[in-house]
Amino acid sequence: MKNYPYPLLNPPTFVWNTLNAEERDVKVHEWIATINGQEMDWTDYDVTILGVPLSKSSISSSSASENPDAMRQAWKSFSTYNLDEDVDLAELNVVDLGDVEQHVTDIGYTHERITEAMVAMRKHHPHTLPVMMGGDHSITAQLVKGWKQAHPEETIGVLQFDTHFDLRDPSELGQANGTPIRQLLEAGVVKGEHVHNIGLHGFFNAKALKDYADEHGVHYTTVKQARKKGIEETVRHALRELDAHVDTVYVTFDMDVLDMVHGPGAPAATPGGLYSQELFDAALIAGQHSKVKAMDIVCLDPRKDIGQTHVKAAVHTMLSFLTGYCQR
Amino acid sequence: MKNYPYPLLNPPTFVWNTLNAEERDVKVHEWIATINGQEMDWTDYDVTILGVPLSKSSISSSSASENPDAMRQAWKSFSTYNLDEDVDLAELNVVDLGDVEQHVTDIGYTHERITEAMVAMRKHHPHTLPVMMGGDHSITAQLVKGWKQAHPEETIGVLQFDTHFDLRDPSELGQANGTPIRQLLEAGVVKGEHVHNIGLHGFFNAKALKDYADEHGVHYTTVKQARKKGIEETVRHALRELDAHVDTVYVTFDMDVLDMVHGPGAPAATPGGLYSQELFDAALIAGQHSKVKAMDIVCLDPRKDIGQTHVKAAVHTMLSFLTGYCQR
Amino acid sequence: MKNYPYPLLNPPTFVWNTLNAEERDVKVHEWIATINGQEMDWTDYDVTILGVPLSKSSISSSSASENPDAMRQAWKSFSTYNLDEDVDLAELNVVDLGDVEQHVTDIGYTHERITEAMVAMRKHHPHTLPVMMGGDHSITAQLVKGWKQAHPEETIGVLQFDTHFDLRDPSELGQANGTPIRQLLEAGVVKGEHVHNIGLHGFFNAKALKDYADEHGVHYTTVKQARKKGIEETVRHALRELDAHVDTVYVTFDMDVLDMVHGPGAPAATPGGLYSQELFDAALIAGQHSKVKAMDIVCLDPRKDIGQTHVKAAVHTMLSFLTGYCQR
Amino acid sequence: MKNYPYPLLNPPTFVWNTLNAEERDVKVHEWIATINGQEMDWTDYDVTILGVPLSKSSISSSSASENPDAMRQAWKSFSTYNLDEDVDLAELNVVDLGDVEQHVTDIGYTHERITEAMVAMRKHHPHTLPVMMGGDHSITAQLVKGWKQAHPEETIGVLQFDTHFDLRDPSELGQANGTPIRQLLEAGVVKGEHVHNIGLHGFFNAKALKDYADEHGVHYTTVKQARKKGIEETVRHALRELDAHVDTVYVTFDMDVLDMVHGPGAPAATPGGLYSQELFDAALIAGQHSKVKAMDIVCLDPRKDIGQTHVKAAVHTMLSFLTGYCQR
Amino acid sequence: MKNYPYPLLNPPTFVWNTLNAEERDVKVHEWIATINGQEMDWTDYDVTILGVPLSKSSISSSSASENPDAMRQAWKSFSTYNLDEDVDLAELNVVDLGDVEQHVTDIGYTHERITEAMVAMRKHHPHTLPVMMGGDHSITAQLVKGWKQAHPEETIGVLQFDTHFDLRDPSELGQANGTPIRQLLEAGVVKGEHVHNIGLHGFFNAKALKDYADEHGVHYTTVKQARKKGIEETVRHALRELDAHVDTVYVTFDMDVLDMVHGPGAPAATPGGLYSQELFDAALIAGQHSKVKAMDIVCLDPRKDIGQTHVKAAVHTMLSFLTGYCQR
Amino acid sequence: MKNYPYPLLNPPTFVWNTLNAEERDVKVHEWIATINGQEMDWTDYDVTILGVPLSKSSISSSSASENPDAMRQAWKSFSTYNLDEDVDLAELNVVDLGDVEQHVTDIGYTHERITEAMVAMRKHHPHTLPVMMGGDHSITAQLVKGWKQAHPEETIGVLQFDTHFDLRDPSELGQANGTPIRQLLEAGVVKGEHVHNIGLHGFFNAKALKDYADEHGVHYTTVKQARKKGIEETVRHALRELDAHVDTVYVTFDMDVLDMVHGPGAPAATPGGLYSQELFDAALIAGQHSKVKAMDIVCLDPRKDIGQTHVKAAVHTMLSFLTGYCQR
């Protein structure tokens, strides 16, 4: 900036710009590129992040639509370097594509845009890993349908972390956030036996849904079972099973899988769920698997969050997943 | 209850049942009847309260859908006796009809149900005064359309308390909460010159909307103008104007008209609005006018509220309005 | 409701009533019956829930009096089906009797009513399981005294989950919430060796109370000891001991036994306590034991709660306990 | 402190002790003396402050018992100099006597101690002005009874700032916080026509209480009436009336008289009440009157307060009152 | 963006980009330009906004350093069109220069940078109006010194809105936030008689400071006096006085001048201050005056704010001031 | 107090003074002596507590300066008796020295006072154990330097519980809170191999800092590694290592080492840290070691805390440490 007379002025929130570059923390928001109207070379990027701020499709009132921006705000306090794994995410080139357009009153219109966005990502830069920030769980059905549309020949499996089955009947509720897995089963996009749900517990699913899951061969492991077996082994086991039968694994983190102490921002926050460290461990392992090709994070209402606990857990889950991706 | 062995047990929240009936406060929740599956004699009632828990149609994220229940909870701390006016609302017979059915993902379906509910009220017990608890402002368009459908011959005017014009373009946003007045104008249900808006202020409306209002002859009085003239005289003036030209006045209280200190729960809470006492005074006068035949309260998100300030103001607004109704 | 013209209207908070009954979640508030002035057939019920909204007897300021209603509100988000145990609580018939009458200024009067309520339950429908929602811990003394009055021949044991001994001296404090176990010992209603306390820890009991406990043979297991042994085995061991010596085990959950992260609503919330999952496991096992014949949940101030964490844990504790009861 | 080796260490919360004494703010907590076990010379003091931390006698759940300490904490941010009136309160000698002893479970015992404390103040240092910090409004009855006991020959009047009449029936509720004025009337300590209530409004009193007030000649001025007449003139008028008929005026500020925006901490916070500046103006005038000889501040629950708004208003009310006292 | 394949994707927070441009709200963040490393033509701009995120110099603990970013976030919900005045701020060209560099531990270094920034603004584009967002009040001394350095020949006056004199002694406190006006007086940059303070009230200034003000001829008007005279006339009067004696008026808004109900975020929030509407009216008039050439907003800690009340009031104050500036 | 006429009055917050002394809880604030201007006999004391309310040196905005008073307030709810260890801290004589003087604007001045305070403690009563309550982590460098100044011949080791290395470059940041360990290394006060850091995890340190740590031989154990090995064994191992090489071990607890669920008040709160019970166990073991001669607790901002969770954890950490000290 040639004629800028303020050598000592800084853009907001960055105040030590004279720091030794070697020593300085690179924060996540400095690392993730954003689109800015310039021509883009998609081959520059390994990962594409997409915001999907839709929560009008939630059964209970939810402001999960504010989660993409909340995560963007929260990741400013994370560095790119993962000390536990000695991995620096800065190796990856990541771009934040912005948010899918939302219609104020036509949820079906928005759902179509979500599917199109996935198709576009697969078509224009199929080498990138799509990472989606919801929004409520209804978006997962649209995104997986988009993948299927772009890759009709692939067998798709779903690795789901969730307190709920999400097998409610769309003929009753429409394409709401309790229904995505059932939508995919009914549409023939995914088979029941290719769904692995980890994190069910307590008093938060109707008996009929469990029966439906059993009839359709959906696999599920409760929190208690997962802890007994070890959370890491539970995830590895599910991935081994999927690896044997599908081409692509789509991972979906419904953030209500966390115990409400660790995830207070879920519209349906419950006691008895996973602890955040358990979820981070699971995400790392999922990220490492070569057939895992897309991931989303859903059902986190930042307005219900307490002290950013939940949003920071979501960011950490995403970064743990990307750490695993670096380790492939 | 013949064989109930617990003379000393009480239903929840009511613990001094041995109080002298004369002296005892009758609280609003003890006064308002509820439907319970028994056959009803509609001639028993003067006022019908209807919950309209729709806020999926909001431009900004809103849990105004929780307002009807929040008001029901808050009115437990209000008595029926208005000391300022020496009026006991217990003279009126009021029934809470419950909530209009909501579709989880089809906003249009819900909008139709809202219109039908108004039609049903006008058809089955046209002698009652409908009082609606929203929900966001999109419901006002549906409710007024319902009135028009039931009374096609009537000329309808709208007395609106609002920080906004609500004249945005439904062809862009759908039937969202920024559009209801424009919907009514475009549908020919209400004429621009029969709309009186009180409460505009500050930096919260686009210039183009003001131009649209001017073109269509919408009347409006800013907070500053209203205070200068006196809030009571401002309302009386608007009602006189309407009285001269319309058959029915529909009053709509967008609770964001309150200064955010008095109304922190509005999704678009702003400084510079009305104070709650000013709104109560306005509501009393509106309730007194014989052509005022329906009223709604909208755009209050109880999750954003602070210490029930806003919800209690909404209840007080409703009760002040009903006090005026008693005084007719 | 024959002449109700609003087929599309719903009672508040229930909006998808057209759902397939098979699939639909039955929520806890739909399952628990309430009294309504009709004649009752007590043989219809297996469990009677009683609210005891007394917290004026607390040493520190407490609004635990609001806990019964807070639990009633919170259980609306729980289903009856326990996925972990594959048990549907809907098998049980449960009725909520409402709250024990409270005197505004005479705590002794209220305490007498609490005892009478237990006597009435034991006399009028001794086949039901009484579940009490406090209130502060002073109520436990009154309730156990009521049981003893109804069953003078029985030997009663107490299984207590608590951060405190509750062995303070009633001659100093009156029948306050630090004293219930000592009251029972002094009154000869329960013997010291028939009390098993699980959950003591840290810096929250005077040395003199520990000495008193030792002198009277009260059994206690600290959080650390319980974790080392396994929380489930700790509870089973205590029950085996009690089973060998008493006729009836009364279980009391002082919700301050939870670590303040999991139970922020305790007036005396502390770090270092149990985690909620540990308490749920304990409650399940306690519920399974055939000699456990009554249970209470106390010392939870919903106003101190953060995001319903504590109240939902209390509901889950009650439901876990009832799951065990189903498994008898 | 001879051998204290830390010249640079300071007691907590006071960090600029080297400031020029002339310039330095004297904060209220530095000005108000406290008792410390040393022999006291009561002639040193003009005003005695007494905490009365009783709120177990509240009809609704209240932690007003924590108000005395909350006020002590909050007044640290107030200086002694009143700029508006150019009065320095440091002219007065004030001592904080501490709190009246509280029994954990026997409210009657505590009530007797409160009366005794007033008698002791009147007997041991009748030249001082007693200022009481409640606690709930039940304490006012005990305090005025204490005054009467010490001065049986005096005619006592009450100047009450309150949203409520406080004329409920003690034969039903006991000596609860809705009853103090009625207690005084029934006990013949104060006559109805010697009670002036300022601040009633809205829907917060039963019709029967208004009738009782009328029958007993209690004077009352609603918020609306007071504003129309001017709050200062309203208070002056009431004092003139009292001056003509009584020997002593006891002033009681029920802090729920404030609009809930200005007084969110009242257990029964309501919209439509006084604004804090209006109450400060009233307190100043009350403090100036020579027959005003005692004052209390009640019904403020600091746990319900938001950002210390209410507690700071209570401190300011007390200091405005004392400013008036300086101006006598 | 030629090869961007996502026509339906939007940048975050902007989701209706297909709206008719005429009708669409232009929000403040869309209007205010930001620096981006491109060469700048300073003649394009009328107003330069500068963040000064320093609050380490506060006497009490303060996060006012977060205010510049908080205001940037909050102004996204304001439009550029002022309906009350029928002025569209979009007429002005405004650029946000970013924040002055902050040293983590050397406050003096930062203070020098602040002075330099003002000098640079006056030197490089003296035609622009500088608007500064603090930070605490210590920055005002540095900014006015910078102005004086750039314009040594000018006589400078200060129009201060404040609950405090800010005349504490820098020889004791250093250049802390209680001292800026005294610093300017002692440095001979401003004379006492050229300072007009509006907003003092209550118990928040030491007597010695009032005496100092009197000795140096500082003008001050308390809240009560200002209300009696009318806030608008009070400001006009001060400006007339200043107009007669100085070349340049620097306006400083210490946001603690607001009553704590309207300004809960001030580190020293107090009852008895101005209401937000009064401050907006004052800012409008100040902005209109031709000798007012710079303005700052200080002492607002967004972490103490409640529901954005205070930060939105700060934004509104700035926009009201700029409205006045448009009207010159 | 001979002539005090109020036998029934009590000082604030202590209301059951007639309790049997044997039985009564001694609370921590009753046990810790305070300085009061009387001559002191330093031989009376075993432990000296010092507040260091400095957080102006924090990189991110922090009110950790309020932590000493917050801990003093919070420890009122702790007893002196540790039930887990059957140790009564009342055996120790502890005095709270108050706070180190703070300069409002000169951080360097304050830092010098902190060093002097440690020197004074070592000189005037070297037999006492210094326990410091920060403040931010910058104080640790000053305190250890003070120890070195008093004991130049000693080799000092540091046992650090922290989410961060604190090895940032003071030549860039000054003596800020990210730099204390590097300051000590650069000053030659402590050697890299005599630093043991426990608690690093996740994405919160730059890679360059890890490299710096490796180059200087700093020992570190991540949360994951510590849990795998056992937190107790991890601490014992570090102490064994230190015991072999140093004369004195200084223990520093950066409270951000806690998972944000357990420690929400850290300015840089993160998920993935230690749980409070783990920290208590570590503190106990550290306190037991004979070479541990000083301890501090830093980086806890009580304003960010939620429901006192973090502050109570800090108090418990201090008391656990002192329990260990009793067991030496």
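By written order: A, B, C, D, E and F. Residues from 1 in each chain.
What we mean here is this: a residue touches a chain if its C-beta (ideal position, glycine included) is under 8 Å from a C-beta of that chain, and two chains touch if they have at least 3 such contacts.
Quantities reported herein were computed from a predicted structural model and do not represent experimental measurements.
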Result of counting contacting C-beta pairs for E-F and B-E, higher pair: B-E
With centres defined as the mean of C-alpha atoms, identify the chain lying farthest from subunit B. F
Same-residue or different-residue interface between subunit B and subunit D, half as cut-off: different
What is the Cα-based rotation angle between copies subunit A and subunit F, on a 0 to 180° scale and rounded to a multiple of 5? 120
Measuring between Cα centroids, what's the chain most distant from subunit D? A
Calculate how many whole Å lie between the centre of subunit A and the centre of subunit B, each centre taken as the average of the chain's C-alpha atoms. 40
Numbers and ranges of subunit F residues touching at least 2 other chains: 16, 104, 173, 261, 304, 306
Contact footprint of subunit D on subunit C as seen in their complex: 55-59, 61, 63, 65-66, 103-108, 138, 173-176, 303-304
Can you check the complex and tell me which residues of subunit A touch subunit F? 16, 18-20, 22-26, 28, 77-84, 86, 88-89, 261-262, 276-277, 280, 306-309, 312-313, 316, 319
Interfacial residue positions of subunit A with respect to subunit C in the complex: 168-169, 172-173, 200-210, 212, 222, 224, 259-261, 264, 268-272, 304, 306
